[in-house]
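Written out below as structure tokens is the structure these notes cover.
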Amino acid sequence: MSIFIDEETRLVVQGITGREGSFHTNHMLAYGTNVVAGVTPGKGGQTFAGKVPVFHTVAHAVTATAANTSVIYVPAGLAAGAILEAADAGIRLIVCITEGVPVMDMTRTMLYVRERGVRLIGPNCPGLLSPGSSKVGIIPGNICAPGRVGLVSRSGTLTYEVVNHLTKNGLGQSTCVGIGGDPIIGTSFIDVLAAFQADTNTDAIVMLGEIGGTDEQKAAAFAKANLTKPVIGFIAGQTAPKGRRMGHAGAIISGSSGTAEEKIEAFRAAGISVMRRPVDVVELVRARLR
Amino acid sequence: MNLHEYQARELLKAAGVPMLEGDVATTPDQAEAIARRLGGGTVVIKAQVHAGGRGKAGGVKLAKTPLEAREHSAKILGMTIKGLIVQKVLVVPAADIASESYVGLIMDRETQRPVFMVSAAGGVDIEEVAATAPEKITRLAVDPRFGLLPHQALGLALTLYPGFAQVKAAAKIMGQLYTVFTGNGASLAEINPLATTPDGTVLALDAKVSIDDNELDRRPDLAAMRDESAEAPSEVAARTAGLTFIKLDGNVGCVVNGAGLAMATMDLVKYYGGEPANFLDIGGSSNPEKVINALRIITSDPNVKAILFNIFGGITRTDDVANGIVAATRQFKLQVPIVIRLTGTNEAEAIRILQGVGMQALNDMDEAVKNVVALAQAAA
Amino acid sequence: MNLHEYQARELLKAAGVPMLEGDVATTPDQAEAIARRLGGGTVVIKAQVHAGGRGKAGGVKLAKTPLEAREHSAKILGMTIKGLIVQKVLVVPAADIASESYVGLIMDRETQRPVFMVSAAGGVDIEEVAATAPEKITRLAVDPRFGLLPHQALGLALTLYPGFAQVKAAAKIMGQLYTVFTGNGASLAEINPLATTPDGTVLALDAKVSIDDNELDRRPDLAAMRDESAEAPSEVAARTAGLTFIKLDGNVGCVVNGAGLAMATMDLVKYYGGEPANFLDIGGSSNPEKVINALRIITSDPNVKAILFNIFGGITRTDDVANGIVAATRQFKLQVPIVIRLTGTNEAEAIRILQGVGMQALNDMDEAVKNVVALAQAAA
Amino acid sequence: MSIFIDEETRLVVQGITGREGSFHTNHMLAYGTNVVAGVTPGKGGQTFAGKVPVFHTVAHAVTATAANTSVIYVPAGLAAGAILEAADAGIRLIVCITEGVPVMDMTRTMLYVRERGVRLIGPNCPGLLSPGSSKVGIIPGNICAPGRVGLVSRSGTLTYEVVNHLTKNGLGQSTCVGIGGDPIIGTSFIDVLAAFQADTNTDAIVMLGEIGGTDEQKAAAFAKANLTKPVIGFIAGQTAPKGRRMGHAGAIISGSSGTAEEKIEAFRAAGISVMRRPVDVVELVRARLR
């Protein structure tokens, strides 16, 4: 059906009363996501959108509503604390949308969630969407359609661009996962590839990478060694100069490593079909599904 | 955000790292005065610019007397190194060097921890050592829950020096460097060279620190270290306007929402034979003011021959972007053609707004990019 | 090491915990001056002694005027509470109290972590609350690798107050208390009561901090807070001499090597019908000087009717102990009988040394204890 | 044969060149312990007692000598760091003799060694002795004899007193373990009881406790639930006043808990034979072995 989220998802929204949080909660509710609770310290006891109870803490929300998944829309300086709080409260999947989280905060936060066996997606990510079932984050629901292509990406709007091509051409998605554009993120390409490989409702995988780091190279090696499903890949940033942060904190070529060429080469070596343009996704997925 | 050497020295000094006294000058007069204050002996004049290879570019000079310090500073101040004008020089005593090591800390993506890299082969570009003689570099990932433990610092320092007095001194400096790194949210902190003098003293002769941009909101003290004179004015203006902008050498100006899509757009410009003039991400919010600022910044680049908007509306409302474009063209006349691609949230309304002022919007990214490249080439 | 309330207040104040201004006085004059400086209104005069129940003992008094502050201080200073003479009083404004909570941190043996205990039932002995209404106490073990996390402090504070302004204030204070605890190597740090005033302000009205004795070597600032005037002079003398000594009420003086054996020796004295006059551990080293000091301290207690040495030589050399005993008896004449039990390292030599001055040594602990008890009873 | 240490023990002495370290290393060597290395930063390259190589770091010692056990005699302020170093170097059993280690240091140190699955004994303990085989620490070898009684204790010289009675009366020991007198220690009574229960060469267990904490109470409950071997127990500090630290940092009665009465009662309830005097050990062990 999908990975990470499904009909069992009981979502608590951290920062539900904030500008971003309230906006996207309305969209998630409209999409049909089972939003069971919201958290804003100091606003416990309120009700959001006439139906979602708001609590002071995630622990209170979990006790009252059995929430098992959290999505975070709090300001950057509070995001790491929000992740720790969710992990402490027994949440099993935490999706951190917040952009601009200090990387130093994430080094400690990752160790905390790892110790508790919790999955974190993000930060600085668009979240997940399982078409027709559940949306956790900010991916627009209207450009997605149910189907059998799994999509994983380090970016937001580039994901929409690619998903849009898929949907318009009849290639629906099992789940779309944005893992985030930061240097330190909770869930890697490899984690998502493994989940798609195990998901009986996914036939092909689209992986959208970008410059910076070695996550794509490692994912390619993993795919070659462990995947039987076809993978179609893209790397953004071929024209990016060295040493400049291309918007995403993680999209930076340091020294000679993390270039698009290096990543595309790794994709090719692993048998991953490489898109040169976003629109190529349609043709390549079709070719690999034949 | 990269700090200048003199700023990095301040952070290291606050943590106790042994260094030679020195000071920063913005005029030859000041440089001469500093050289005198330092005892009148030989000093080094070092250009403070965010560029590697300043030595080869003539930005580092020895001065045997205060008068020479003035003369050299006069030459270096105002010099252009890799497109950046030198506004400040650091004046420090020349050191008698017995050995040069490298001690650096980076935020490592793979281990998700701060990682030390140390090498007895210091004084040179560590990237080159990593490429040609990786066995000369010792790496250690630090568990941020426990910090750099004394035995870890000792183990690293033992790879640098045979003498235990130097080992102890270097281990202490590593602890101090770790404090600088974590205490200031650095993504890089390095001492190169960590030098020994003939009498066995260990001290930092050069320092480099980069701060994670995400720290700056909560650390006004670090944000205040930003030297806008060392950046392209267009990038400063973009940052002030809340935009992420990087100037490039091409002629196709790009305005995109989202970093990934912005890179993909630049790549597609290149794919269709064009050259992007910039990276510009207006971010998720769709404030028309941002669009106006984006256009203002892009059109101030005389290289730009055509402009492309590529907006995929999710959170971004495409009607807001359209309103921004219309408002901008009312404020200042565009001298170059503009191609607009809009799709997603409130797309119909956006098209209506643009059509109201006689502008067209395309729906397809490839078509838009092909058009803008053709327009830029025609104008060039 | 227990700190006085006024010392604990200093640590809390440095961490930012909100408290009423106040000061400590050693004379009625000073107390009056402080009361005036605090505005001349009603103040509380609080005896600074290391003893619970000072209120019931008359060591805490309200003074409506500076003159009354002088009068009450004159009564409290010099007062004896549980055997301790009051040398200092704290003078603080009387607070208008709307509610009293308890916030404490202890080093917990079971979880091996700092554990918070908070209760809305404050202002009383928390041990009593724990015994009678444990459900009124919320406990939280803090992971020292991560510190007290904001949501943990908030969760604790939410158990104390219905109003969120107070919750936020209390959560902040908990963070500050945690800083005091870990930053000073405390074994206990508590605020009782953490009070609210009718206008909703949250503040600490009383504070208690105990420092882990093992911290004192590396923290001279904390070691300097020791108030020797608040301890038995014999215990101060013992500590200066490197001995661990606790005065008790019996008449059998005990000198033992090792804390476990020392306790077992006291227990055996009791078992055979005697009463130990002290706990005294000379430790592992067998410096004769320590033995001399031990004997000097024990014999200065007029209650002591007989002295027992119980030495099991491991690291401790029994001949060193024997030499110490001989040296001591040369320096001052023992007025009470002494029973010596020695076994282990260099036992034969020890016996020879003692026999040289006409003293006997026993090999068996039980026999020695029986003998010393009989001697003490005969002398009593 | 023994627990925790045996002929496979390859010992590195941390602080070997110090006063305590050198004194006890000579005793351990004399007893026959396989001391393979010593560590004193700054003295790497030296040789101790003509045969034990000294290294700057434990990592160097482990690499050169395959040491698997460490004993620590460094000053109190450096002890926690020495434990972390040994754990980091892959040592599996760390015995910390040092007294006066700040408890705050131990809270972090315990988490570090736990994460690495390393056993720590102490701090502030006399160490272990497996009669006739190996001695790691400071327990005098001459008062012990090989046999089938396992002994575990929170103290030093009291242990010697009891062992001495056993040995003099023909009751040899499988292993004597001093777990230490501090509030936070690496190995608890329960850990040692479980090891003695599993040791085919131990027939009876002597447990010497003292006032303070609840370790003895928990050990009693554990013994009742899990041990088939007889246990003989002692609690020191029946005459200790409340609120005073009786030498050992851990030997303190806080409020109404941790008293000798409470512990003796727990022993009785668990079927543990209670010694009133150290000498009683002989009679009680004999009685329970019949």
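All chains are identified by letter, namely A, B, C and D, in their written order; residue positions are counted from 1 within each chain.
One rule holds in what follows: contacts are C-beta pairs under 8 Å (C-beta built on N, C-alpha and C of every residue); 3 or more make two chains touch, one makes a residue touch a chain.
Note that this is a predicted model, so its numbers are computed, not measured.
Against reference pair B-D, the listed pairs A-B, C-D or A-C yield one interface repeat, A-C (criterion: more than half of contact pairs the same by residue number).
Comparing chain pairs C-D and B-C by the number of C-beta pairs in contact, the larger count belongs to C-D.
If each chain is reduced to the centroid of its CA atoms, chain A and chain D end up 51 Å from each other. Distance between chain C and chain D, defined via averaged C-alpha coordinates, is recorded as 28 Å. Chain A and chain C have centres, each the mean of its CA atoms, that are 56 Å apart.
Multi-chain contact residues of chain D (touching two or more other chains) are listed as 108.
Contacts with at least two other chains are made by residues 145-146 of chain C. Note for the complex: chain B touches chain C at residues 145-146. The part of chain B that touches chain A in the complex is made up of residues 107, 109-110, 112-114, 127, 130-131, 143-145, 182, 185, 187, 212-215, 217-218, 244, 246, 248, 256-264, 266-271, 276, 279, 281, 284, 312-316, 343-345, 365-366. Of all the residues in chain C, the ones that touch chain A in their complex are 146, 149-152, 154-155, 158, 164, 167-168. Those residues of chain A that touch chain B in the shared complex are 23-24, 76-77, 99-104, 106-108, 110-111, 126, 138-140, 143, 153-161, 164, 181, 183-184, 208, 210-211, 213-215, 234, 236-241, 244-251, 255-256, 260, 276-279. Residue ranges on chain A touching chain C, taken from their complex, read 41-42, 44, 56-60, 81-82, 84-85, 88, 108, 112.
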